[in-house]
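Look at the two complexes coming up: subunit A is in both, with subunit B in one and subunit C in the other.
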Partner chain A sequence: MGTTASQLSKESLSEYQELTFLTKQEILLAHKRFTELLEKHEKDQIDARVSMGKIITLPELKSNPFKERICQVFSTSEQKDGSLTFEDFLDLLSAFSDSATLEIKSHYAFRIFDFDDDGTLDCADLEKLVNCLTGETNDAKLSSTEMKQLISNILEESDIDKDGTVNLSEFQHVISRSPDFVSSFKIVL
Partner chain B sequence: MVEKFFQDHERKMPRDSLITSENDSEQDAGLSLQEEHESKTHRTKRRDGDRQKKKRRNERRKGGTRAGEGEEDLQAVSEKRERSKRKRAKSKQETSRRENNEEEEAQLTGGKGTKARKDIRNEKTRRMEKEEVREVEENVDKGKKKQGSTKKGEKKEDGGKQLVKGKAREVKKKKHKKAETSSEPETSEEDDDEEEDNDKDVVRLECLSPEELEKLKEAVDERKKLIQSLRGKPWAMKKKLVTLRESQEFVEKYEGALGKGKGRKLYAYKVLMTKKWMKFQRDFENFKTACIPWEMKIKEIESHFGSSVASYFLFLRWMYGINMILFGLTFGLVMVPEALMGRPYGSMPRKTVPRAEEASAMDFAVLWDFGGYAQYSVLFYGYYNNQRTVGWLKFRMPLSYFLVGVGTVAYSYMVVIRTMARNANESGVGDDNSFNFSWKMFTSWDYLIGNAETADNKFASITTSFKEAILEEQESHKDDNIHLTRFLRVLANFLVLCCLAGSGYLIYFVVRRSQKFALDGLENHTWWERNEVNMVMSLLGMFCPMLFDVISTLENYHPRVALQWQLGRIFALFLGNLYTFIIALMDEINLKRKEEKIVKFNITTWEASLYNGTVSENSTASPVTIHPADVPRGPCWETMVGQEFVRLIISDTMTTYITLLIGDFLRAVLVRFLNYCWCWDLEAGFPSYSEFDVSGNVLGLIFNQGMIWMGSFYAPCLPALNVIRLHVSMYLQCWAVMCCNVPQERVFKASGSNNFYMAMLLVILFLSTLPAIYTIVSIPPSFDCGPFRLAIYYLQSTSKSYREANVELKKKLQMQNEENKRKNKRAALKAQMDLEEARMTAQEQQRNNNASVQDQENDTDIHGSGQRPYQEKYGCNPPPPVGGRGRQMPSSRDPGSRTYNRGNHGPSGYLPGFARQSEPRMYRVPSLQRH
Partner chain C sequence: MARNVNFDLSHPLMEAGLESPADEEGVHDSFQQLIAEHTDDGAESSALELQQLQSDLDEESRDNIPLCGPEHEHRRQGASDLECDGGEREMDQIQGEGWSSDTLKILSSMPSRTIGRNRGAIISQYCNKTLKLRRRRQTRPSIRDFSPSSRPSIRSYGMEGDTTDAEVSKRERLVNNLQNLPVSDRVRMLRGMPLSVAEKKEIRNLVMQKEKRILSNKKLSCYSQLKYYIIIAARKSWYSWLSFLHSLEPWQTLLKRVSGRFGTGVLSYFLFLKTLVFFNVFLFLVTGAFLVLPQAVHPPDEATETRSFSGLELLTGAGSFSHTVMYYGYYTNYTLPRRSRGEGRGQNASALSSDSQQFSYNMPLAYFFTIGMAFFITCIILVYSMSKTFGRSFRINKSHSILTMKTFSSWDFKVIKKKSVQIMSENICTQLKELLAELTQKNTKSTFCKRFCRQMVHGVAWTICIASTTGCMAGVYYFSEFIHKDLQQNYRKFEGNPLMKEARLLSLPTVVSLINLLLPALFNLVAWMEIYESPSVFAYVAIGRNLMLKTSMLGVLCFHWLGRVAPEYESIGLTCWESFVGEELYRFLLMDFIFTLLDTLFGELLWRLFSEKVLKRRRKPVFDIARNVLDLIYGQTLAWLGVLFSPLLPAVQILKLFLVFYIKMSSVMMNCQAPRKPYRASQMTTIFITLLCIPSLLGASVCVTYTMWSITPSTSCGPFRGLSTMFKAGKHWMEILEKDNPNLSVLSKAHTYFVENPFFLFVGAGIFLIVIYFHSQVVDGQRKIISLLQDQIQNEGEDKKFLINRLQSVHKQKQDAGKRLKSQDSTC
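Our next item is the complex of A and B:
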């Protein structure tokens, strides 16, 4: 405890509190968990990165079908390898925290679902999304006609300007009226 | 249709996001144009001219403002000019750097161009981000000046100093204009620019015109707003950090400078205080979250089982909080004052275990049934005294009791309704099927799931829900055999109704039978017969839901609808059971009241006999008093009701725990260990592990709470019991869930159902206050127990007998006097007048004295507070001198006062001179209570 506490200075702790939706305890816990993932020699580097492979072994993320996407979205690494610094990690936890606003949650949700990073959810994105949601097992998979039907239904509902894709504002519009989104878009350490 | 949709969308969209994005992009576009323009054309001269102009203007402004202060500042002015020059040089460098960055950025966008140009609307958001990123990069670059790339150096040489300078000016000016014209609050460039400007401004802050001050203030406020809203921005942490630091610096720098003279100090003070206050608030928030109990436990469950199971525990915790407050109310305002300041145990009949029960009063079986000592304690209504005030605090006990009863219900209503309103606010529109598929797609994953098994279940349930939704969509066009489904649904409902009626009748029958048993005396019945009611209720609660589940397969509803039907049916079952129980209880109350009447009649005759005993005995004999345990008393139906509720709660709790232990734990153990040596796979096959039944548990909790609300007026200990129960449940169920349950397959979304639970709770609250209010209002309270016993009623009924007794007393006294006189006369005739005159008078006097003493003695007992018998009886334990009840009454002869007096002591067995009739056994209706 002593070492982890000394690593996070008081100022940065209060800054992190100011900048995230996390409480002090949560930030300290996050720091502890994060430093556990680091190699020994990295522990005193401020912007040490943890690779995506290590991050997704966290029990909170392990069974999440979007774990890779989550890492990629929150990663600031230049190689686009999904590795996270502590600050990225805090960003992640903040967006998934209890008190984060619908707006920020929906923003990140959109980016997570946007598999090809092109700023819209098109048919390919939606198909990938369905496959993520139905799991890897083959017997559970939807048939191609079902898939088509599903995607066309979704587009019919959400694609308001009828351009064949769902963009951020359309997505936020749909999400903001959902009763469950805020309570289920959560990850707690 | 599309248009309508779009309008709708526009209206309901969180407005700011749309608007800002558009604004930003507009501005963005303008800026980029400007940049291009600047980077490609070299109009040095014009810019030079511009600079000159601006310089001059600046100087003029300075001169103008300074003019009033005289010429001695000239030197200072020149110094300042020097300084500002230096600053300008700095800013020049910065601008050059910025330019480079912009160029880089432009190249980047060019590279990405083809892809990004796909959709302008999407581009907007992207652009906005890029703009922001650029700004930050700039700022970051400030830090690492020296690491500027070679490219930068080349550019610098290329552009030439003049150009850069001029460009900086131009940019600045333009931006100033924009800041004035545009209402758009947060332009990053503007901030940047202003910062540079302000570097100068801080020097000559005194001479700023009011508008400029105003502007500065606005800028500071904007910064503050920015700081506030920073956490809601989807930026990377680094960028947020930089912006935060910068803004804080800015704010700190200029905050204190704002305002003039006294105002400035005040302003600074205010700023300081707001800062402190913010810090305090944040610390307080941290503290509050640290104080929430079981947070970690619930989070752990949440991460294993998803939000629906966790919602039960959240509900349980919420319930616990409410019960804590109810418990605080009853404990602090009713139980403790009565226990500390009220009359102690054994001081009066209703606070004493009756003689007949004394032998078994401490037996565990009796105490477990809340009989014996528990019955005659603060736990129940009957123990409370109707003294107006209690103790040295003059605590008004009956009033407090009543207000706590009302407050309990009022508080519960308030909390439930408020929570419902808040939930409704949070969940927003909710029930709206227009985005059925999209919601399934975008919001069905529960990110909290951290358990592979739960995840698998979730995958399966999502897949089925997709398939179902598709099927439904297809089937909505064609409806097959609607008559059959209708018939089946009607049949199912009929069956359910039959079940409900049957269970209701069963309970009624059982309660009736138990009354019969009680009349016979419980000793000669078996354990089953004694506990039949509770057991039957628990068993019904266990098996009927299963039956309903089977029946509901007939109906072929959509799972969500089916679940709601199921919940509604179980609700109806529980409610029916509860009301049957209450009706049976009403019967019992009526029986008790009949018994009470008989007892009351008996008490009057008993007292009359006591009185007669007094008269027939010689008055000089010391009055023998009766131990309160021996005094006959009414049945006190209120305590009986309280006991029934407490027993029900206890048995309910026990059933819950036992089913938990057997149904979950034992099953899990068996499945786990027998699996090694069994013919089929127990874990995957038939018995498997049990699921956590969220809806059933929530319903149980709700009904338990209903019983608490119903019974707590008659048994103040109920909230305390419930607090204990919930506390134990929390730990036990947490443990059970983690160690022996598997996540459920049927997915029941948490937030959507939350208000459903709350609505049920509200209904239960209403339905449980109804009978309580009915009994309180319509049934007269018992005459000899509780804080509201019918003193007046009792007074009327007994005063007649007392009046008669008084008249009789007078007659007898008269007769005695006459007899004395006659004796005197006889004596006078008999003896010689001369010789024995003196002795005669003495004798006469003595007789007279005797009579008066006797008279007086009666007198003191009538109005002299009746303390004497107490003192004689318990030498050490005189009743508290409070009140002086007897003495307050003006005329001691008034029969009413006498009854009042006696009313305070309960039916007293200590009339003076009462003969050795120590065991006043009289006719009592056998008690119905099962003990």
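Our next item is the complex of A and C:
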């Protein structure tokens, strides 16, 4: 169903309201911002895609170290290039909205942190995650001993079945005990 | 994709419903690359693997996973009892190194891993969830919905009615389950599924199609069709109501800018401000509708001295404001509208209700019940939100995973500005390093001398704080006594402007606000010399000291008003002490606002200029969230104290909060930066809501209840004039009701036995405590279950590793046999 015609149909609007956690105003605002990213000739196309390069120029994502991962997680393109249709964009905003459940947020957070997309967070994933968190400047990075210690501590605390990786259930178990997660995992347009 | 591995154990697993989705219509099948690399069908790759395995076998000390060293030792000990025959090599973590391609395929398609990335697995998981939900809801269709030729035993309709055909895909089963759920559950399930919108749309269309088909097959009566349409219309209107409410939320763009630059911590201050605005709007609407409006429409008959408006009224609240609807004294004590001039004092509804009137409004009763109901409803809303935030932020078993939680949930996605993102990264790095350092140094205990010194310093600091608080309390007490005496002596002399007299009354609020401003700064100074174990303890101590100061100030003031002014009001020349107290509270609110302005100006703007130009520091001052929130709570307590005496005070408070919002917003944007220390937003929010409820609202309610219960109202003004206490108005009304309508005597008896009897309160409190005790026992039991389950999961993990190792050894044996055959062929 086409949704990047210049106007959203009432039917699609109510459908999106039912399927996502966004309110009507948020969906309309998302539509507006999305069409601004499209080329002129694409504006009337059905299911037009916006490349990842353009999405990460949005001010809400520009400085986020996880921006490429976010685009890749929510993208439904076959080429895995991180391009988003309008519906993918709505998915993104819905997962990061105020009223999304803890389960949805933790699910997508897990997928974002899973840099190699193998369904678990192993040592390499965790290392990349910590490097993203602490930034790329040299003095802000953790030394390799500290990194090893940190990763082993994390695995000790959260890997319940002791297989050396954190799978989705273990991740959700840790997150459910962290009260700040829901309020920090939010992006508002 | 995963090919079918010829492994005997797989089949029973499939039957037991533990299948891993074999046909992965995966959105992400990036594991494919890894698999493709390994399954080149070339002997070289398998030879390489074999070599690797061989070399791994040779080394006894398995160090092939350098990053996860410490766990390995633990594994060795645990694995020794599970060693298999033939000197198998020991258990190892399930890493992707050195395993064969088949093993890798099996690993990658294990349910625990696919659930995190694969659409088919998610659908299968949600299929199970919807099935469970259906079982719980047990929506049995009514017999009318069945055609006469349907299956004979309706009683066994339920899940067994579903087709158990093995070829029916998981998706169809999901659609079937969704279709059988009630609509609200269906919408909730669909929304909560972590699938993309396009897939959800397809599922939803399938469900709707099925529903339409079923509906068109049955002949629906008019009634059920109507019901169906009404439900759809109700749902649509509910959505539009929600969007309308959402659009009413004020300040959305501004809040987004603040959170984009400063993160969740500073945002929580502004959200707290917004909550207070809503509480005050509610109060204002209630008092406005029930008190102000009726009285404004029917002004009292007594001739009032009207004074001309001079600017000083805005500051003192007296003058031309004092005989308006703003204060208690204006309100009448009879039923509105007054048709006949009765005897005057204490005239009640009885004489007038017998007349035929379309509209009668008993003012004293309305006043009493409105204030009571407003407080009661505010209390309920506050307790409800307090319990909700408690549930969110304090969970059982929280103590152990600090590092993990910090790693996974400390990134604030709301922060947008590049500089703030950088600051946040630096903060996280520092915190992680500190936590790691703490963990490695846990064993070093400080010497007795050091600890003793630290405790001494703490003791000195607390003594200073308590002494200064007590000193200020005494100071305010004596100052208020002085003013009281001054008024007693001076009220007879008509010297000077009456306005000047009122301006002199501004002195007490100024003194109190000054103390509230300066003393927390002193506390901060004192806290500099102390050393705390953790920054959160430091924050709690600062909040505790500040709170102690503010409650003591308010306590002294309440004593002064209710204990000094109220009984002796005639000696200082007042006709109406309640209006006077209302004016005092207005002055206090105003002074609080002026001092907030000054504090923002000096504390933030000038300090920033000073530190940049003179001290040459690069960093801007930090916005002290806790102190500002406590100031807000203090202002709100004043507003709650004053509602009884000045029904329009919530409106003043709303205005003040609006102005404070814009002032603080611009000041924060210009002058401050985000806090450097970690700020646990949700825990702090819980604490602040608790503080709003327990000392603030509770204290205000206690004061108001005491006023209503025991203090004599003034005899010549207000709705309760002539009664011995305000509470008597309610009792009076009950007696009148009983007289008029003997059937309602039950109500008054209930009132006497329940409300006025302390025994009932004791019993109620006792039951409440017992319920709390039971709940805490349940929580303890749940903690034990959690640890049992953790042990069980650990055992399952061991099983998994064992099976994978066996799989690997079987593959290796096959490979070896194959190699031997090949080498035999080649030699022949």
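Simple rule for what comes next: the second predicted complex is superposed on the first by the 183 of 189 C-alpha atoms of A that agree within 3 Å, B and C clash if a C-alpha of one lies under 4 Å from a C-alpha of the other, contacts with A are read in each partner's own complex, and residues count from 1 in each chain.
The working rule: a residue touches a chain if its C-beta (ideal position, glycine included) is under 8 Å from a C-beta of that chain, and two chains touch if they have at least 3 such contacts.
Since this is a predicted model, take the numbers as computed values, not measurements.
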item	value
Partner chain in contact with A:Glu18 - subunit B first, subunit C second, else both or neither	both
First, second, both or neither for A:Ser51, with subunit B first and subunit C second	neither
Which of subunit B and subunit C A:Asn131 touches, first, second, both or neither	neither
Which of subunit B and subunit C A:Phe96 touches, first, second, both or neither	both
Touching both subunit B and subunit C, residues of subunit A	15, 17-21, 23-25, 59-60, 62-66, 76, 85, 87-88, 90-91, 94-96, 101, 103-104, 107-109, 113, 118-120, 126, 129-130, 133-135, 140-142, 146, 149-150, 153-154, 157-158, 160-163, 165, 167-169, 171, 174-188
Partner subunit B, residues of subunit A touching it in the complex	15, 17-21, 23-25, 59-66, 76, 85, 87-88, 90-91, 94-96, 101-104, 107-109, 113, 118-120, 126, 129-130, 133-135, 137, 140-142, 146, 149-150, 153-154, 157-158, 160-163, 165, 167-188
Subunit C to subunit A touching residues, read off their complex	27-28, 30-31, 34, 65-71, 74-75, 93-96, 108, 112-118, 187, 190-192, 194, 196-198, 200-201, 204, 236, 239-240, 242-243, 246-247, 256, 259, 264, 392-395, 397-398, 400-401, 403-405, 407-418, 421-422, 425-426, 428-429, 432-433, 436, 439-440, 680-683, 790, 793-794, 796-798, 800-801
Residues of subunit A touching subunit C in the complex	1, 14-21, 23-26, 59-60, 62-66, 74, 76, 80, 85, 87-88, 90-91, 94-96, 101, 103-104, 107-111, 113-114, 116-120, 122-123, 126-127, 129-130, 133-135, 140-142, 146, 148-158, 160-165, 167-169, 171, 174-188
Interface residues, subunit B side, partner subunit A - complex	2, 5-6, 9, 12-14, 17-18, 21, 115-116, 118-119, 121-123, 125-126, 227, 230-234, 236-238, 240-241, 244-245, 282, 285-286, 289-290, 299, 302-303, 307, 426-432, 434-439, 441-452, 454-456, 459-460, 462-463, 466-467, 469-470, 473, 749-752
